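Next up: the structures, one after another.
Same chain, two partners: chain A is paired with chain B first, then with chain C.
On to the complex of A and B.
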């Protein structure tokens, strides 16, 4: 009952609404316009911008998240000491909410903030402003850093659990047979880690597509919205600032379709090679 | 040599992860001038406690922080309680009883898990508005009273619960309600704690729904308070970090008290796939 009411019905309703032109505040009955909302969207540069921006953000963040968390998990599992400390340390950003995370990084990326100081110290160029919150490319990079910072520990722990479920004897056997660390990883550990990798990539990807808080806070604090106008932010603005409910619904349906498609694609790719421990 | 490289990478990552947290705490104790000082001083010269007063008082001196904090705590607690109770009951039913349509219900629940909130929020918003739920606790709480993931989690956990114990309780004359209350709840503690933390955290984090539904400042929550605070041009940077510290306190307490279950959440998630 409850699910029917609060999950299934809204989805259908969103689909239904996406075919109408409806103004949030008007009491006039919604007007049926068929695929009009979709047509409008496909012709609107804002929509294509949102799509591109979401693609850039998801692609970049996804690659960094999966890559970094895999490397961290491998490194941490190979340590004999401090394992628990390292896990908790990398997981610690989980205690701050996404909004707080965005607020912290907002100050770090301040023209006089630590990010500029660090880059300038490393590059030996004192006093240069890298325009983290203004230049489009830098702004996108900045939101990615916030997101990776917040979630990398979470995926690291999932990977560590996956690695610890691989029988040690297999890895040791490979080493005894004279395989290098590098070979052992690519021929033994990585293939056996496939289910975990699949899980992490599906979850991470959906997580990235759903990002909202960071982009919202950054744009509210004065950054240009264009380069970080991800679909979710665009849905919010379309619905709440311009009151185009039908159009916002069409947008969220498109977002859902993208998520479904990408998850399906990943499962397909993964299924082509089944894993076994034998 | 290899060990050095590994530690180097781990060290750089540690700085990246822990640096901003240290920055939050130290900056919360500095006057604004110090926060943007070049180079940044990682150890505060003096403790500028006024920041915390400023954070609680707000720029307009109307103490919305207190009200919003209470709102957030209340909402997250209410939603967590209801999620845990309803998920356990539903999960128990699905795990231990055979009835017609059970498979269909399971399928529905798994399908629901896939639907992100951003897809349903606009219709939910319209429903809530037409029911007159804007700016009310009902509007903030009702959409989250139970979630599919919770039911799924509890079902998976209870599947492994031995039937013999339940039968023994039945033979001893316990009613189903008593069994649920006396047997199932107490022995599901690890799964319940994990679910409770996950739910509490996601609610503590929730920005987008309160943003839609709560326009009046009395009804807003901490994430909204922080965004508004950050927007105000004359906000003191130190005070902003003080707000951030205060807003993180409940999670920090939970984290230190129950870090086992925090980390357990991620583990459990991977285990059910395995």
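On to the complex of A and C.
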């Protein structure tokens, strides 16, 4: 009942609204236009830009999140001391609200902020503005940094839980049989981590596709919107700036369909490579 | 029979008292303004003491957030009883019938015309429709240029005689005033108010003979040469040009008051004076700041200052008639003190009696704002203004930050603005 009310109803309502033309402020009844909103979107360069930008952000962030969190989990699991401290240290950004996280990183990426100072000190190039919030590529990279910083600890913890559930006897047996650290990881740990990796990939991918606050705050702080106009930000602008709630609903449905398809694809790929040593 | 008649009269009287004493709760959403809050809370206390059955809940939101919070609330049918928004954002509420008209008798006037007559000509136009009035102005704002005189002298300029009168001089003077460490600006000479393009950017275009909308409102982006000159100017202003400012730096007007060698000139309204006073009394009293007129281009064909805009108090059309009446009464009660709004908050309500008063005449730089107002007009209103603002923002950022040519940015602006117009035809 609860799930139906808060999850299924909004999706169905958005699907219904996506077939209508409705001004957000108008009290007049919505006008049925069939697939008109979808047709408009598929012909709109702004929509294709949003799709591309979302793809770039999701691809970049997803790869960094999954890769880095696995590496960190392996590193932390292999430590005999400070395990808890390291887990806490990496996890703490996840409890900071995305808005606060973006605000902190805006200060860091400000032309006079520490991102420029750090890079210029390391590169020996005083006074160079790396244009973190301005140049399209740098801006996309900057939003990815914020996201990876915020969520890498969360996925690290999930991987650590997965690693700790692998029977130690399997790892020890491999080592006794002469397997190197790399071979043990590649032939034993990683295949047995498949369910965890699947979970992390699906959650991380959905999380990346749903990104909004970082891009919203960056664009509010003066950055150009085009390079970071992910679908969710486009939904916001379509609804709040252009008042076209039907069109915004159509965009949300497209995003929902993309998420559904990618999740299905991941499950399907993972199922075909299931591993068991039992 | 006589007894029965008396009984009936008594019942009617009791009914009237009960009706009059019906509790009325007014929710009032407004933007944050630290100087206005104590004043309006005082008015609320006084009004509630006068009319104990009325309760007023005043809620503030950051200026940058209130438009979307209100929109969401209205879309859900849960809007507050009264609110104020910048007129560009408020206009769609009027067009879409979401605000209620004011009945003159509620606020002690004989007719709508007599209310309109109490205000400066044209200032109620944005809220006047079909003989009805849908808002009363909290403030009318025009932007002029605030100057920190100390930094002018520091670079060998006399602020009283060498202040910039044209945009070309503004660029020249800013180049002298700017302090950089490599590419990174430490002190700006001047910087624009990015985001508020219908106020200043369109004024610059109009100085050169261009316009955003044709007089009949059917075509967008008029006068290519004017637009291109302005976009080229912005391109040269930005980091890929002379690197004098950028939308990604902290807003110049927010830094100006603190006098920390970060900005020399900014665009702002009369209210900035009260904010300088509350943020930095020493700077306010130092005499080291002044206000100068909005510049024009050297080849300007129209002497146009920044467009003025307003914040209007409006009432939710979905509120009950009784709530609407008491809300308008409360608004009129607050706005009957224009001198206090002027002296304590720095807000100019465009009432004729205020503008003719000694109190107004005694305000510092009131003459500069008044003369800029005389060569200005209200922002051009359209139901799609929130979207137009977004398109202008994209055009300016494209040339300033993304290396797009002014010609390409203008072509995109024209196509998209006309697409938007077509949707409203």
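Basically, the second predicted complex is superposed on the first by the 269 of 278 C-alpha atoms of A that agree within 3 Å, B and C clash if a C-alpha of one lies under 4 Å from a C-alpha of the other, contacts with A are read in each partner's own complex, and residues count from 1 in each chain.
Heads up, the rule we're going with is that a residue touches a chain if its C-beta (ideal position, glycine included) is under 8 Å from a C-beta of that chain, and two chains touch if they have at least 3 such contacts.
The structure presented is a predicted model; accordingly, all values stated were derived computationally and were not measured.
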Side-by-side fit of chain B and chain C on chain A, or clash: clash
Partner chain(s) touched by A:163 [first = chain B, second = chain C, both, neither]: neither
Which superposed partner A:181 touches (first chain B, second chain C, both, neither): first
Contacts of A:220 with chain B and chain C, given as first, second, both or neither: both
More chain A residues in contact [chain B versus chain C]: B
Touched partner set for A:112, first chain B, second chain C, both or neither: both
Partner chain(s) touched by A:242 [first = chain B, second = chain C, both, neither]: second
Partner chain(s) touched by A:230 [first = chain B, second = chain C, both, neither]: neither
Partner chain(s) touched by A:131 [first = chain B, second = chain C, both, neither]: second
Steric overlap of chain C with chain B in the superposed model, located at which of 20-28, 74-82 or 398-406: 74-82
Common ground on chain A, meaning residues reached by chain C in one complex and by chain B in the other: 110, 112, 220-221, 240, 245
In the complex with chain A, residue positions of chain C that touch it: 64, 68, 71-72, 74-75, 92-93, 96-98, 180-186, 194, 239, 246-250, 384, 386-387, 390, 393-394, 397-398, 401-402, 420
Chain A partner contacts - residues on chain B that touch it in the complex: 2, 6, 9-10, 13-14, 16-21, 23-24, 27, 35-40, 86, 108-109, 112, 114-127, 142-143, 145-146, 148, 201, 204-205, 207-208, 211-212, 222-223, 226-227, 230-231, 237, 240-241, 243-244, 247-248, 251-252, 254-255, 259, 262-263, 266-267, 269-271, 273-274
Residue ranges of chain A in contact with chain C within the complex: 23-27, 110-112, 116, 126-129, 131, 133-136, 220-227, 237, 240-243, 245
Interface residues, chain A side, partner chain B - complex: 2-4, 6-11, 13-14, 17, 68, 71-72, 75-76, 78-79, 86-101, 103-108, 110, 112-114, 117, 149, 152-154, 157-158, 161-162, 165, 181, 195-196, 199, 203, 206, 209-210, 212-213, 216-217, 220-221, 231-232, 235-236, 239-240, 245, 248-249, 252-253, 255-256, 259-260, 263
